[in-house]
Amino acid sequence: SAEGLKVGMITTLSGGGAGLGLDVRDGFLLAVKQSGRDDIEVVVEDDQQEPDVAVQLADRLIQSEGVDVLTGIIFSNLAMAVVPSAVNQDVFYLSPNAGPSQLAGAGCHPNYFNVAWQNDNLHEAAGAHMNEAGFSSAFILAPNYPAGQDALTGFKRFYQGELAGELYTQLGQTDYAAEIAQIRASAADSVFFFLPGGMGISFLKQYADSGVDLPLVGPGFSFDQDILGAVGEAALGARNTSQWSKDLDNDANRAFVESFQAEYGRLPSLYASQGFDTANLMISAMEKADVADMDAFREALREAGFASTRGDFEFGPNHHPIQDIYVREVVLEGDVLTNRIIGTALEDHTDAYAADCAM
Amino acid sequence: MTAPVVELRGLSRRFGAVEAARAVTLDLRPGEIHALIGPNGAGKSTLIGLTAGSLRPDAGSVLLGGEDVTRLDAVGRARKGLGRTFQVSSLAMELTVLENALLGAVGRSGQVMRLFRSALCDRDLALLARAALERVGLVEEADRRTADLSHGQRRLLEVAVALTLEPRAFLMDEPMAGLGAEGSRRLTGFLDRLREEAPILLVEHDMDAVFAIADRISVLCYGEIIATGTAEDIRRDPRVRIAYLGDDAA
Amino acid sequence: MSLSLLLEQILNGLQLGVMLFLMSAGLTLVFGVMGLINLAHGSLYMIGAFAAAAVAGATGSFLLGLGAALAAAAVAGVLVETLVIRRLYARDHLDQVLATFALILIFSEGTRWLFGSFPLYLDIPAPLKGPVTFPGGFAYPGYRLAIITIGLAVALALFWLIARTRVGVRIRAGQADREMVAALGVNIARLYTMVFALGAALAGLAGALVGALQSVQVGMGEPVLILAFVIIVIGGIGSIRGAFVASILVGLTDTLGRFLLPLAFGMVMEPSAANIVGTALASMAIYILMAAVLVVRPTGLFGAAT
Amino acid sequence: MIRERHLNALVLGALLALPLWGFWAEAPFMITLATRAAILALAAVGLNLALGLGGLVSLGHAAFFGVGGYAAGILALHAQSFTPMMTWPITIQGTTSMPLIWLVAVVASALAALGIGALSLRTSGVYFIMITLAFGQMLYYFAVALPAYGGEDGVSIYVRNAFPGLNTLRPLPFFAICYVLLGLALLLSWRISVSPFGLALSAARQSEARVRTVGIEPYRLRLVAFVISGAITGLAGALFADLNRFVSPAMLSWHLSGEFIVLVVLGGVGRLLGPVVGAGLFVFLEHWLGGVSDHWMIFLGAALLLVVLFARGGLIGGLTAGSRS
Amino acid sequence: MSLLSVEDICVAYGPSQALFGVSIEVGPGEVMALMGRNGMGKTTTIRAICRLIGLSGGAVRFDGRDMASWPAHRVARAGVGLVPEGRRCFAPLTVEENLIAAARPGEWTLPRTVALFPRLGERLGQRAASLSGGEQQMLAIARALMTNPRLLILDEATEGLAPVVRQEIWAALRRLKEETGVAILVVDKSLRELATIADRAVVIERGSTVWSGSIRDLTGEVSERYLGV
């Protein structure tokens, strides 16, 4: 289409991970609405967190709906299923959440942009923060799947202390008594964990009840707005790393937080901010180029000329963000649990795979 | 005297505290009907099971045509030529009557692993199956679902399936049970002729039938054979009268 | 590895076992005793947890939440039984699988529709918060001790109900031959509705109790469902005792597998790789256990031979 | 009421007409949808052989689907990256030739079915359901933890594999391949069902003792049926990998095993075309309801429920009023 | 007034009709024999009385009350005890559990029933599945007695029993008739034994009542024509 732009959003709207997909969608749609443009059409589809469904939807959106841009996928394994073939069919893919290492390194592609982070980023920042905070004997754990393995690898890339223990848990595990016993028995001075979704909620509740009171550090996902509501005060005081926080002090963010709350009646999450940024990136490119001219549009995307909720934002050579990553602490604001920035873990951080990208 | 077709030597089997067979020795000779009678729970069905191979003996052996088949299971013994009917019908209820009969023919032909030929269209199999149904008087029911048969009709089908196997010996566990007076009489006559083809080890509580056609009768009581003889011998045996016959001996 | 850690892990395994029994108790009744494959059992568990979270959240009382969980799950059970399941007793297992699979979809989406997509908050009741310290300095979370107690009580009560009461005899008779029990004068339809409701209530109870330790979210019932089936099958269908023994066995296998397998592989491999391989094997452990049990004993540990 | 034979012709015709219409109307997604239905139907045809004819309710058939899929994915991955699959003791290269991949997929899934079946068939009834589930879960967790092939992330095949003389990248030729394979599988399963083997297998489902007493060993029958069944499902898995150009552990999950059962029951257990009808309806509902509401799964559930409660013998049974053949 | 009255009932199994008009009257304390060849509809009639299959015509009354809309368990509670064809014991239950499962208070208690069938007494703890065929048959009768019925229905209840036991059962039924006044509807193949206990008989042929009257009037002609003896 000469003037308009059609976006296909494939995201998780049913099942256990639906909350994340909803936030990305709502953030994205909010930005589109605020832009006031009526030449953007967004088609939203539910991937049910199933890779084959996601692939089907991508095929349909590309072949039948003729979308120019795809976005929305939450989970890395779905992204790995969809992105490589989508970008080869001359569609742009803007990732609002997943950032698997393959797509940052050898598998990078000119039509693929990641607006969130490379998967390792927040874990790397956690490692850096642990050094700074003076922890020298960390106990680390994550689920046994690629993202979990990447998380611990990323953490260890920056963390310089000793490891009091390293554990992989099962995907979808709900009982952590055995792991907590091992933490208790170890000589650790702190715990780093990456347990997304319900796993993290279960772990945090059980950890709080166990009487082990070593300080907890995790990536932002484990302490974001969706999680905190379910964990309750058990999370109070825990530190986590994130490229965004509700209290980040910049105009774009203040406006975003306010308008999101006004529009949806809840606090925005990390995912909402990522969805919002993704849409704004796309809109900023539309202002400079027509999507029909792919090279020009790509160039416009690469410039990242939009006001990010995270403040400064630019793309590295592999189309992944170069950004600051902050340390947040879980606090009680009135009777709502939320996060507050207490420092910066890494400045202008890029990812470890850019060198492998031949772009 | 001709060599026995089936020979049981010292078969024993216990279930927990119950000794269902105690060193039972018995044979089945060509052309005869050997009836096995005895009180309920005496171990008759157990003995049939031990002979057919669906139960394993604790001790003793089973010979078929002089060959020791004790180590074969039910499948192996059926292949060697033992045809059996069950006390409680065990037919494939969803199949038609003809298909049940065909099953016996298929088993006999040993061609189960033929995946690509139609069973119903195979003339040899179909002839065999139909002939068996004809003999027990079920041809008219051939295309009905077995589940739709009445109890008595199913009993007859049991016998028909055993026929299609063309076995060397029949083991029949109460084939008359559930048949009406007329049905029993017909089946009695039929078995009377069938013994020419293969001898029959017949478990039955229908004394009219047993006394009418059995060449020899063995009486089983608490797992032991307490008497063997002709109908007359058995009728007169006081132990048998007390344990089993009651006033029926009259 | 110290001896005391090993002991604690064994205790954790036992604890997990009892918790698993509590989670599978309802299914033991419905599947084990009534012989009904109810895939929607996990949904009843979820309903219990959501009802508890919603009511405890609104009233601040965990006990009220627990009551709500029992009631909501039982009501859902009665509805499901009278509207759907009742027509399926006479059908084969496959129709039950399909119908209850459909119920999962309805319950999961329905719950999401009512409560939204975010996990709910349900906390341990204040009196049971934190660890209890035993003489000798050994500490164990009080709430988990409470769960163990309730699990054991439920086990005993179920065993008594099924094996020792006439209602239990009738339930089992109904499973063997439903028509015949009715022909002898037992109102089997009503009895089954009640038993199903009881099974559902037990599922709801487990959902509420365990929900305080885990994430209360849509789909939380599924892993429980699979585990509960595994347990009942290992124990032998129809045997409460079997289900209990199997729960403990599964709890120990899972906990000790997670704990020991990475250590074992660590002796022959580089630690990080050992961790990955060991954990992978540990996640298969209970399935390997189940397959092994069934290969050796095709009707489970305490199942009646067919 | 229609006769089942006429209904069957109608179903196969519709499955063919839909993509042709899609091609003509330039709605390529229709073709993709029909291809997906055909592949799922193929998998369910495999399951139906074990489940419908043999009464073997396997809740682990996704394992064979996944093995087939991974066979395709791994072979293609190595071929596309020009790395040999193994170098010792002999060098084996990957391949992108569909026929070769199918062969490997069929053999691999048949072997998996042989192993799993040999152990599982010692049990029966509900125990069988659960032990097949257990084996399925084992393979699932194995795949999740298989770092060489992506673990949970799976393997992407960037370009669809090739079939001599056809451009498989275009939707219609690929559909044609799947449709023909489905047809062949249906033919096979029909021949088997009327053969002595099929008769004995079906009898063994209903009365095991009966089959033994006519000298047939049910265990062997079932094992053979299970292996054929697994092999067909494995072939479907290989096609599914090519359809999505992607394989992942999700292909091995118990959800998918359950879905296969749903397809079979929905269409009608033991009916020749039951799986095709079931798959067609399921794919249609999924596609169509998805656009109706965010909470479309409620409607899907309700639709399934109605079929179980009111159409005995599945859709085919309902439409033909239960009269078989 | 009769205790049970079956009035011209019709029954179909799906599309195929099995009963085309069967009528039976059983008075209090009366013993009625139901006769007919294999497959003529005896069992179907009994199933219809017990409401295990629906009627497509006619009516069944018990104590003058129409049972058309009753569920099966209500029929049983009104006082109909069934010994079904093929025994149908609850296989996984023990003998004792089989007996108490549906027991209702009355003169038939566990000790009394066991006294009637001592063999069951020896096997109270054994699973019904492992009983011999005859033992299962005894269990089925005993189980029905334990419901203390006013009308006992026996469908081939002596099938597979040893002659002595059969005689015992007939004797027991005779005593039952004399002492307790329970009415009995009985299907059995042995005319000889039926004649010693039954007051009246109904003969059905292809799903219709073709003869009924006092069992003494069952002449050779009738029994040859309809029963084949």
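Letters A, B, C, D and E mark the chains in the order given here, with residues in each chain numbered from 1 onward.
Just so we're on the same page, a contact is a pair of C-beta atoms (placed from the backbone, for glycine too) under 8 Å apart; a residue touches a chain by one contact, two chains touch by 3 or more.
Nothing here was measured: the structure is a model prediction, and the numbers come from that model.
Undergrad: Please report the smallest number of touch steps linking chain B to chain C.
TA: Shortest path length, in steps: 2.
Undergrad: With centres defined by CA atoms only, which chain is the most remote from chain E?
TA: Looking at centroid distances, A is the chain farthest away.
Undergrad: Write down the chain pair with more C-beta contact pairs when A-D is set against C-D.
TA: Between the chain pairs A-D and C-D, C-D carries more contacts.
Undergrad: Greatest Cα-centroid separation from chain C: which chain?
TA: B
Undergrad: Need the CA-centroid distance for the pair chain A / chain E, whole Å please.
TA: About 74 Å, centre to centre.
Undergrad: Taking each chain's centre as its mean C-alpha position, how far apart are chain C and chain D in Å?
TA: Centre separation, chain C to chain D: 31 Å.
Undergrad: CA centre of chain B versus CA centre of chain D: separation in Å?
TA: Between these chains, centre-to-centre, one finds 44 Å.
Undergrad: In whole angstrom, what separates the CA-based centres of chain B and chain E?
TA: The separation of the two C-alpha centroids amounts to 29 Å.
Undergrad: Where does chain D touch two or more other chains at once, residue-wise?
TA: 141, 144-145, 147, 297 - these are the residues of chain D that touch more than one other chain.
Undergrad: Of all the residues in chain C, which ones touch at least 2 other chains?
TA: In chain C, residues 108-109, 112, 276, 279-280, 283 touch at least two other chains, as defined above.
Undergrad: Considering every pair of chains, which are in touch?
TA: Those chain pairs which touch are A-C, A-D, B-D, B-E, C-D, C-E.
Undergrad: How about chain A: which of its residues touch chain C in the complex?
TA: 13-16, 18-19, 21-22, 144, 149, 152, 166-172, 174-175, 177-179, 181-182, 185, 197-202, 205-206, 209-211, 226-227, 229-232, 234
Undergrad: Quick check: in the complex, which residue numbers of chain C touch chain E?
TA: Residue positions touching the partner: 166, 169-170, 172-173, 175-177, 179-189, 238, 304.
Undergrad: Along chain C, where are the residues that touch chain D in the complex?
TA: Residues in contact with chain D: 37, 39, 84, 87-88, 91, 93-95, 97-99, 101-106, 108-110, 112-113, 226, 229-230, 233, 237, 276-277, 279-280, 283-284, 287-288, 290-291, 294-295, 298-300, 303, 306.
Undergrad: In their shared complex, at which residues does chain C touch chain A?
TA: Result: residues 2, 4-5, 8-9, 12-13, 15-16, 19, 108-109, 112, 116-121, 123-124, 129-131, 139, 141, 143-144, 212-220, 223, 255, 258-259, 262, 271-272, 275-276, 278-280, 282-283 of chain C touch chain A.
Undergrad: Given the complex with chain B, which residues does chain D contribute to the contact?
TA: 191-192, 194-200, 202-203, 205-207, 209-217, 221, 224
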